[in-house]
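Next come two complexes, and both contain chain A; in the first it sits with chain B, in the second with chain C.
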Partner chain A sequence: MINFNDLKEIIPLIIIAASALISLLIAVYSKKSGMPVYVFSLLAVLAALIFTGLNVTKDVIIISEMLRINPYSNAFCMIALLSVFITFMASKDYLEKLGINFGEYYSILLFALFGMMTMIYANDMLTVFIGLETMSICFYVLTGLLRKRMKSNESAMKYFLLGAFMTGFLLYGMSLIYGATGYTNITKILATYTAIRTPMFLIGLALFMIGFFFKIGIFPFQMWIPDVYEGAPTVVSGMMSTAGKVAAVGTLIPVLITLNLVEYKMLFSILATLTMLYGNIVALSQSNLKRLLAYSSIASAGYIMVGITSMSDLSIKGIAFYLLAYVFMQLGAFIVVSVFENSTPDGKDFRNVTFDEYKGLAKRSPVLAIALTVFLLSLAGIPPFAGFWGKYYIFYAAIKSDLIWLSVIAILLSVISVYYYLKVIVYMWFKEPEGETSGEAVPVKALSYAAIMVSLAGTLLFGLYPDLFFTFFKFLIK
Partner chain B sequence: MLSDFGQVLIFMIISIGFVAIAVISGKIVGPRFASKGKDSTYECGEDTVGDTWVRFNFRYYVVALIFIIFDVEIVFLFPWAVVFKEMGLLAFIEMTIFLFILIVGFIYAYAKGDLYWDKPQPIVPKLDRQIFKSEI
Partner chain C sequence: MLELNYFLVLSALLFSIGVVGVLVRRNAMIIFMCIELMLNAINISLVAFSSFLGNDSGQIFVFFVLTVAAAEAAVGLAIVISLFRNKESLDIDKINILKW
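After this line comes the complex of A and B, so read on.
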């Protein structure tokens, strides 16, 4: 039975759901200007962020045990909210440039955010499923937002078909878990788990995890990522690769840590190794920056998988920090790409996304070049930036749980990754610009500029003072 | 003893077997006389006219989507009405919120102009002249 007092605990969820509906109406009644809906949705996300931040230490199970609000889920939610907030900041200019500034975009993104938050807070498999589907369906629509481009349509179609297929796996896994334990409630399943480790339960759990691995991009289920991120509008790719990953990881991790599947550690480490290997090695041969970032997102999924493999409280801490750093650097990089990107004269394809077109960017717009350099160095894990600390905490947790060989592989592969990140930097700083627009500065609108600056500030701030994060989420270092 | 899932398995085997037997025995036992009429496309006994791939107004699609709003509404209203007396005010508030969400969808469709149905403007044949001159 629902208690009215429970509603107090889910104010952020209510804010997002209500503003998604209201922004739809604002969008349709203020057709001429995109400003009202833009400002409204930005404020809504900010309000939800503040409310989650204020109640970050709450630890309750509410609404007929359907939702579980605890510091972990609050932390992951805040990271997802932050990612969507930065995406919103950069969206308007980019969408106007491409001529797809529909008011519905903001509404759909808010619905996706609602799905992510529901999923992270979920304490019941059905709630997980509803959240996941709300998120996924919004993602399919956002991917195909450039509806007149073949590439965008293709990627939306691919994403939709594969996503629907993988949802089947997830549902089948859920039904098997329900068959084995008799519960859909995650707390109850976890409580009975040690009693019944039947094959049916384990198969169900494996299928359940496959559904999430697909969303995170773990090795055998990663093939959709480059195609989808390449065809989708760039800010949407950035949002999907950060917020979507945060949501899936935030849902899966508490479950996996509680289950403590120590006897399957080997399997997890192999998946982690293969994911890192695939992401980093294939990225070496890329010449399109969007695809490169997509492969780097697979590699990051591998690092997160290393954290999942170590299965300790320390690794949750590491993963949370890594995801926070990842939001700033990956999203920041995607936003810089979105600012520089342009359409071909016939409006049918992206332009200015290959390395060749990045030649001499430092001469044209030094600020953009500096920002992108910082983001790429942070992704590579070079010390003064946030990405370094993220990797540091994850590998530290792995070493603490006797996975030294895995951390050695991870570090070696992240050394390989420096090569392809540096390649972009070399193109930007040490090559002469080419083509007819070579002399001009890249036009940057104020809001995109602000979004880049926020990401840059985050990357630097958490790189120089990593303790800030842990002071704020003090509960994580018990 | 069979577990609950064992019963499901037996149910599956029987249902697959039933279909298989019906199809295979039809193939084996049934007489076959081919004729031209049998091979033609079935369309209510009439000869087919034209192509099946015709264009139709996409507004039917929009109407079908809007229909879903109300369809879902009814599906949920029905069980709600059954337990309404026991749950009281809470159920009323919940359903109000639910209906409000659906109505937002409807308002959106209305404001977008999807409910505006273009009226047909047929070109009425008109004669400029009343009398035809002989034009030889």
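After this line comes the complex of A and C, so read on.
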């Protein structure tokens, strides 16, 4: 039976789902200009963000125990909403330049957002599956949006085949868990878990986690990330690497924390170490900024995995903060790349993404150079930017739960990461510009400019006042 | 009445055939069909569990898996077509401009 009182608890979900459908209609009736659908979808995401923010302390299980609304899931939803909001702000100029500013883009991105929110709120494996697939299918489409370009096609194909393949494993895991416990409801499964630790259940759980590790990008399921992020439209790569990760982490963590798999701590630590090693070491040899950011996203998945390994309230707090900081800095960096990429005439493939083309950017466009420098320093974890505090809280939680060796490795590897981030900064500030467009300033449209400024403000604000986040989500402090 | 294990072994075998197919075959369409085979193997196990546990949720799950597989097929075929238009080949060994 549907209880209509439940509907008022999921107003943000309804707003996003309805606006995804309405934006399709708006796109049909305003073919000439992309403006109406753009403004509408921005407002819709903003409205959902405000509604979630106002009801952040709610703690209920609704719709036949299918959804669980609590401060924790609300926090992760807000981070995902924020990420999509900033992406929307930057999308219009970028897409117009590439000639793909279709209304469908906004609609598909809203559907992906709906999937992410469903997934984070999910309290049933069925809801997790539907949310995850809604998100993934929309991501496949968004990756292949530039359908005349080989790279975009190729990355969409790779993402689709691997994503669907891993969905198979996730689903098989769900089926085995269902067989072992007799429930699809996550609360009930967790309640029976202490009673049954049958091999069937453990295999199911392992397959379930493999599916999620693939989405987050944990070693050895990280191989798709660089290829997909390089080929996708740049703003979409930024969105996938932030919002997609927030959704997958936000779904997996409550399950893992409740299961409290202490006996597998070693396995988790090894996965975290390998992920950080792979991300940071391979990033050293990159010369394409989009790929560099993709490898840095793998490294970040490793830091998040360190937080997951410590499995404490403190580490949830750390992960939530890190993801918030990550949205600002990673998305900001991708947006700067997208703006710079747009400054050349549209060719057959992505232009202006290698380090050589970043030579002397500081002379051509100081604002872009300063913004990118801040984002990269923040990603490297240098104070006083938000990324530093994110890493600080995660490593602090790891030390508190006796994972000192893991924190030492993580800190050493994030020192290595400073090298490749600084390399880009040196190219921008201390080398002379080259090539035919060397003297010209990089044109920045007002909306992209606003998106960069929001990310910059977030990186600085949460870097200087990290307490702001915790005052807002008081529940996270125990 | 047959035991549950027969159904589980059948589903595990079909799933493995699907996995091996994805890893061995080189044509994108065939790989896609192998993925569908994996999903249907899972459906068999869900229905078997549901029937032996006397619990409906597994069968309801199957409806959603079928729906999602259909949506995935639509998007997947669209991607295959746009790739074929540019490349005129579906051999995944030839899809290799993105590396390292």
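Rule of thumb we're sticking to: the second predicted complex is superposed on the first by the 473 of 478 C-alpha atoms of A that agree within 3 Å, B and C clash if a C-alpha of one lies under 4 Å from a C-alpha of the other, contacts with A are read in each partner's own complex, and residues count from 1 in each chain.
Assume a contact is a pair of C-beta atoms (placed from the backbone, for glycine too) under 8 Å apart; a residue touches a chain by one contact, two chains touch by 3 or more.
Bear in mind the structure is a predicted one, so any value in this text is a computation, not a measurement.
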Exercise. Evaluate whether chain B and chain C can sit on chain A together after superposition, giving fit or clash.
Key: clash
Quiz prompt | Which of chain B and chain C A:Ala156 touches, first, second, both or neither | solution = second
Quiz prompt | Touched partner set for A:Arg147, first chain B, second chain C, both or neither | solution = second
Exercise. Considering only the touch criterion stated at the top, classify A:Gly179 as touching first (chain B), second (chain C), both, or neither.
Key: both
Quiz prompt | Which superposed partner A:Leu25 touches (first chain B, second chain C, both, neither) | solution = first
Practice problem: Count the residues of chain A touched by chain B and by chain C, then name the partner with the higher count. | Solution: C
Quiz item: After lining up the shared chain so the two structures overlap, which partner does A:Leu171 touch, if you call chain B first and chain C second: first, second, both or neither?
Solution: second
Exercise. Check the residue A:Phe221 against both partner chains and state whether it touches chain B (first), chain C (second), both, or neither.
Key: neither
Quiz item: Taking the two structures together, which residues of chain A meet both chain B and chain C?
Solution: 179
Quiz item: What residues of chain C sit close enough to touch chain A in their complex?
Solution: 8, 15, 18-19, 22, 28, 31-32, 35, 38-39, 41-42, 45-46, 49, 53, 55, 57-58, 60-61, 64-65, 68, 71-72, 75-76, 78-80, 82-83, 86-87, 92, 95, 97-100
Exercise. Show which residues of chain B lie in contact with chain A when the two form their complex.
Key: 4-5, 90, 94, 101, 104, 107-108, 111-112
Quiz item: For the complex, which residues does chain A have touching chain B?
Solution: 2, 21, 24-25, 28-29, 179, 200
Exercise. In the complex, go through chain A and note every residue touching chain C.
Key: 125-126, 129-130, 133, 137, 140-141, 144, 147-148, 150-151, 153-158, 160-161, 164-165, 167-168, 171-172, 174-176, 178-179, 182-184, 226-227, 230-231, 282, 285
